[in-house]
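Note that chain A is present in both complexes that follow, paired respectively with chain B and with chain C.
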Partner chain A sequence: MSSTVLPPRRRSGMRRRSARLGWAFASPALLVVAAVMIFPIVFSVIMSANHVQVSGNGFQLSGFTGSNYSILLHAPRFWHDLEFTVLYTVFTVAVEMVLGTLIALVLERLTTGRGWMMALLLMPWALITVVSAELWAYVYNGVYGVLDAFLGDFGVHDLNVLGTPMQASIAMAVADVWKTTPFVAIMVLAGLVMLPSEVVEAARVDGANGWTVFWRIRLPLLRPALAVAVLFRILQAFGLFDLPYVLTNGGPGTSTESLAVLGYKVLFNDLEFGPGAAIAATTALIVLVFCLLFLKVFRTQVGEQED
Partner chain B sequence: MARRRTRKRNLGTNFAALCIAAFVALPLYWMVASSFKGQADITSAAAVPPHPTTANYGNAFSNYSFGQYLENSAIVAVATTAIVLSLGTFAGYALARLPMRGKTTIMTVLLMISLFPTIAVVAPLYLLLRDIGWLNSYQGLVLAYTALMLPFAIWILRNFFLTIPTAMEESARVDGAGPVRTVLQVILPQALPGVFTAGVFTFVAAWTEFIIALTLNNEDRYRTIAVGIALFGGQFTTPYGTIFAASAVAMLPIALLVLVFRRAVVSGLTAGAVKG
Partner chain C sequence: MTKTSRRAAAAAASAAAVLAFTAACSSSSSTTPAAPAATGSATGTITWFANQFGPTTTDVRKTLIAAFEKAYPGITVKLEQAPSDTDTYRSTLVTQISGGSSSFDVYNGDVTWPAQFAKASLALPLNSYFDQSYWNTFSNGLVSSLSYKGQTYAVPLFTDNAFLFYRKDLLAKAHLPVPTTWEQLQSEAETLQKDNLVKYGFAAQFDSYEGLTCDWTEFAADAGATSVNSDGTSSSIDTAAAQKALTFMRGLITSGVTPSAATTFQEQQSESLFTSGQVAFLRNWTYAYADSNTQGTSKVAGDVGVTNLPTFAGQTGPGYSVTGGWNLYVNPHSKNLAADVDFLKWMTGTQAQTIMAEQGGEIPTVASVLADPQVQASNPAYPVAAKNKLNARPSYVAQYSQVSQAIYTNINAALSGSVSPSAALSSANSQINSALSNSGL
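Let's turn to the complex of A and B:
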């Protein structure tokens, strides 16, 4: 590097200049993100602690209050939706991680047509969630859905999947698993491919069988890739909106209502911006705390090469 | 003996792969097949449309506004991708290469924002864009999408810039090229795969996004395809034939993009996993 021969003062001057250049390059993007993402998040929190009046031509914050949150904390519906969102997230992500890892293991051994398989796996991921929700609503339809026709062959009739709370939750989870397991599989496969093959070979030579190699060697080495996939999926699942909004609209009753759907309904159907903002802020807070804890536990290598 | 074991193993793998392919492909097939079923057959469970017809397609695009919705989605997705890439390239380069204080913090915040539930920003965005009269417009949605999708694009681009050797930049600087020219003429050509990856991700995200589009652009004229499909249908019956015809067409550009840029998409999905 040519700069090493310069006297220290010139070097630090150059450094300052390129730091200024860095900010000049980065600030347009960072300003847009700050103004249109970070500011609204902060504003949501402010709204949630105020009386908010929305009229035809504007909105007004009129005074600090804790009532939005106290409404929330005393609403059984909020607690139900929180519980549903958490359980749904845990259940679907667990299923997706197991299935995704199994699929990745199959793909890794696949010698022919792997490229086509990858392309196929990307299709559900790239599909508009609303479209997949319509598709599954059609499959689950209680009158003419193909699922009923299929189960009818086995003597199961009139299931009305979307009409009962437990079945509707499972049906929604199946639709979710179908759409997002391929995404997990691809992430895990990338991790598998990067594993050092010598370690596995050495274990094989020492007489370890396939299971032992997988459980004792590959799975522990795979942990960073799995951790990132889990983080991505948990946060996506926690913000669940498109699928229940279209597939069940939260029903029957409010049995499949996620926090995001509740927040949307309170905001834009009931036009209750205070309590709605409180729901949004609570959801964001849970995600934030979870994110920080997760990053702390797994120390997920965020920009380790700070200079 | 060993040979036979390998053959058996391959057979098992291929069978498992076939099951996976069926699991992924069958619902997609069902959607496309149903889009060719007429009104009388849409409620039948026949695997192949008994009387294949393109009536649903005609219906979706001449009797209803799905053509308009697709056009809206295309305009918003293309504009968003263009803006995100131009802002994101410079930001990604700066965060990868230039000595700025607080880079780790910035990257962590960007990662968290890109994973934040969108419901957290929807209400203030709605109120603010209403104040400046940008509800039901292209520019309002493009602005929101740009901010929503920039963080992840910056991550992908920065990770890619980190893998490019610095030698060429050094020599460009010695030759007296200015910083902007260095980025555009020296770095960008080497970073094209990373730019494609970020571009495909941004486009797919903008094409499929729902909650913000639903909130900001609810007028029929400005609905995106996702919103158009979700809000289509009567009180008591859902016209699935028309919906799937529109859905199949909406899937086409994304499917092509994914097929052409398969490698780029896979490397983008694993950008988080690979780094570190």
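Let's turn to the complex of A and C:
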């Protein structure tokens, strides 16, 4: 990895010393991280395993219990929201990856105006989600919505886009794809630009056509960039909150209620901090497992490639 | 450490950040301030945490504060702006008060909060500071909605009622009377729509949110149904009467009288449909009268009438209106209780309540003020309000928030047609029961 000039023992001693120095320098920052991240996380995990009573004098934790989790596991609403969140995540991330990669491929070819195109593309991404959700709420509005007026020209009236579970989920996914595809495109474009051109040239010399070059050369080499994009997107999509909060309030019924919306309602409307903390902990655990599994699969594939 | 595993660690850290959102509220202080005694002549500065109410042109809160400070020269009131969204506001209050904050002394709060806030000791019990004659000044039914387990946790600042707003011009054109039953309203609406006088017949708030619990409570009460039994121990929503109410509501949509988009309507969307002249009848709160009769922003200004909500045929009218509105609560950490009590008393007195009615456009909570002919003349909705049959949402249970969610999510699903009325009611029934026994989400 680093210099090979030094003899092994000497090198390890120096490394240890410099590592110690590194920790010393990093410790103030680590302490801040511990205070603002690790303590709250640990505290909410503790809360999720306790009877919690909110009161005028802070939270009263009165004894260990598994009941918060058992409430979750027995609530059909939790399972429904979990199912919705997972399906929504898988679907939107898949669509965004495909569209984002396509856009990145086009952008890479653009010689003039790439900067302008990227600026334009990044506008939805730069918008605050609540704001873009409000824009889409206007598009989808059942009475004076833009989409309704547009469909009216084709003879489709009173569609009430957000009025049925399937339509509302799709409408929400469209708003999500619109907003986050540019992010994926930028990540993939960065990966594309970094690709060594010799490999592609060599393939072309060997007679590979564009299709083969893409599937056999560029896509495998793009894997690291794709993986990072997918990870970011899964983490974000799983925490889906703003879109249902603004667009549907989780409706019709609870059909578009995500885990984050459920957590919010249980914590801040119902003031049920025990079950609320359990929802947060469970959600974090699931998304963590999700990401680790993804990385694992990704790593084995990379391993196969290298063999 | 390989690149990939380092990335895994980063992923783990970011995933854990999802958790951190829970902890935003994890402030814990264990000091209980000794309850200060409310004796002696009060002086000093108190802070009133209040969201905007009344007209947007002049801030009636400031008018009230000025008048109060004139009556109590020793006390200064500082106004602190609270979030306008009710749920956001509640989370702010919970975070602040449970964190031990005394940055405000008196706060505005929704009428549905007393039981929940009482159980979580987020509001100071007030019985010892007011005598019985004080509580007798308020309109019927208001005080019981402020109580939890025998203690009273708030004073009623202003109340709000639901009304039926209708298009006088359309009814005159079609020679139809103002409807007094829901069935009559539906058939009149169909006539108006058939005659191409108006696009839709009736609009209300059928979105999946608290407003639907209000609308539902009214329809259900008209049909003789309740959602929770009177002692708050179990659900009473799965009955034939409730079935009748829900089937009728769904029928409004399937018959085209109510647009199907109403299942995404909150107050503002339903009102804008009315003020743009696209619907004949509207169920809404007091302010809709002034809004819909404002030249320039309303296309139907001058053509709007207001009356009590209808009931179902065969019941004695008028129909029920739920009580909305806001209360004043005292922060248990307040350091100047004597001044707080003076402020609460004055705000619920004749002078403040008259200002509230005449300048704030809000229905006064004091019965004698609402009965005052001069006050009644200031807003055509007030004489109607005086005749309203009031019904409270089941907010006397501490788990009201869960109960209300069980109501509005299931009713909304039935209204949008994704489930049948009977399936929705039976699902609401089991969810209300598990909420009341603290065994569900």
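Keep in mind that, in the parts below, the second predicted complex is superposed on the first by the 264 of 307 C-alpha atoms of A that agree within 3 Å, B and C clash if a C-alpha of one lies under 4 Å from a C-alpha of the other, contacts with A are read in each partner's own complex, and residues count from 1 in each chain.
Please note the rule applied: a residue touches a chain if its C-beta (ideal position, glycine included) is under 8 Å from a C-beta of that chain, and two chains touch if they have at least 3 such contacts.
All values reported here derive from a predicted model rather than from experimental measurement.
In the superposition on chain A, A:V143 contacts both chain B and chain C. By the touch criterion defined above, A:G58 lies against chain B and chain C together after alignment on the C-alpha atoms of chain A. In the superposed model, A:G251 lies in contact with chain C only, and not with chain B.
In the superposed pair of complexes, A:A281 makes contact with chain B and with chain C alike.
Once chain A of one complex is fitted onto chain A of the other, the partner contacts of A:F183 are limited to chain B, with no touch recorded for chain C. Looking at the shared chain after the overlay, A:M47 reaches both chain B and chain C. Common to the chain B and chain C interfaces on chain A are residues 37, 39-41, 43-44, 47, 54, 58-59, 143-144, 228, 231, 235, 238-239, 260, 263, 267-268, 273, 276-277, 280-281, 283-284, 287-288, 291, 295, 302.
Contact residues of chain A toward chain C in the complex are 37, 39-41, 43-45, 47, 53-59, 71-72, 74-75, 77-78, 141-144, 158, 160, 162-165, 227-228, 231, 235, 238-239, 248-255, 260, 262-263, 265-273, 275-277, 280-281, 283-284, 287-288, 291-292, 295, 298-299, 302.
Of all the residues in chain C, the ones that touch chain A in their complex are 4, 7-8, 11-32, 87, 90-91, 94, 97-100, 116, 120-122, 207-209, 259-264, 269, 272-273, 276, 278, 332-333, 399, 401-402, 405, 409-410, 412-413, 415-419, 431, 434, 439-441.
By the touch rule above, chain A contacts chain B in their complex via residues 1-2, 15, 18-19, 21-23, 25-26, 28-30, 32-33, 35-41, 43-44, 47, 54, 58-59, 103, 106-107, 109-111, 113, 115, 117-139, 143-144, 146, 149-150, 178, 182-183, 186-187, 190-191, 194, 224-225, 228-229, 231-232, 235-236, 238-239, 241-242, 245-246, 259-260, 263-264, 267-268, 273, 276-277, 279-281, 283-284, 287-288, 291, 295, 300-307.
Residues of chain B that touch chain A in their complex: 9-10, 13-14, 16-17, 20-21, 23-25, 27-28, 30-31, 34, 42-45, 87-88, 90-91, 93-95, 97-101, 103-104, 106-113, 115-128, 131, 143-144, 146-148, 150-151, 154, 162, 170, 174, 179, 183, 204, 207-208, 210-211, 215, 225-227, 229-230, 238, 240, 243-244, 247, 250-251, 254-255, 257-259, 262, 265-266, 269-270, 272-276.
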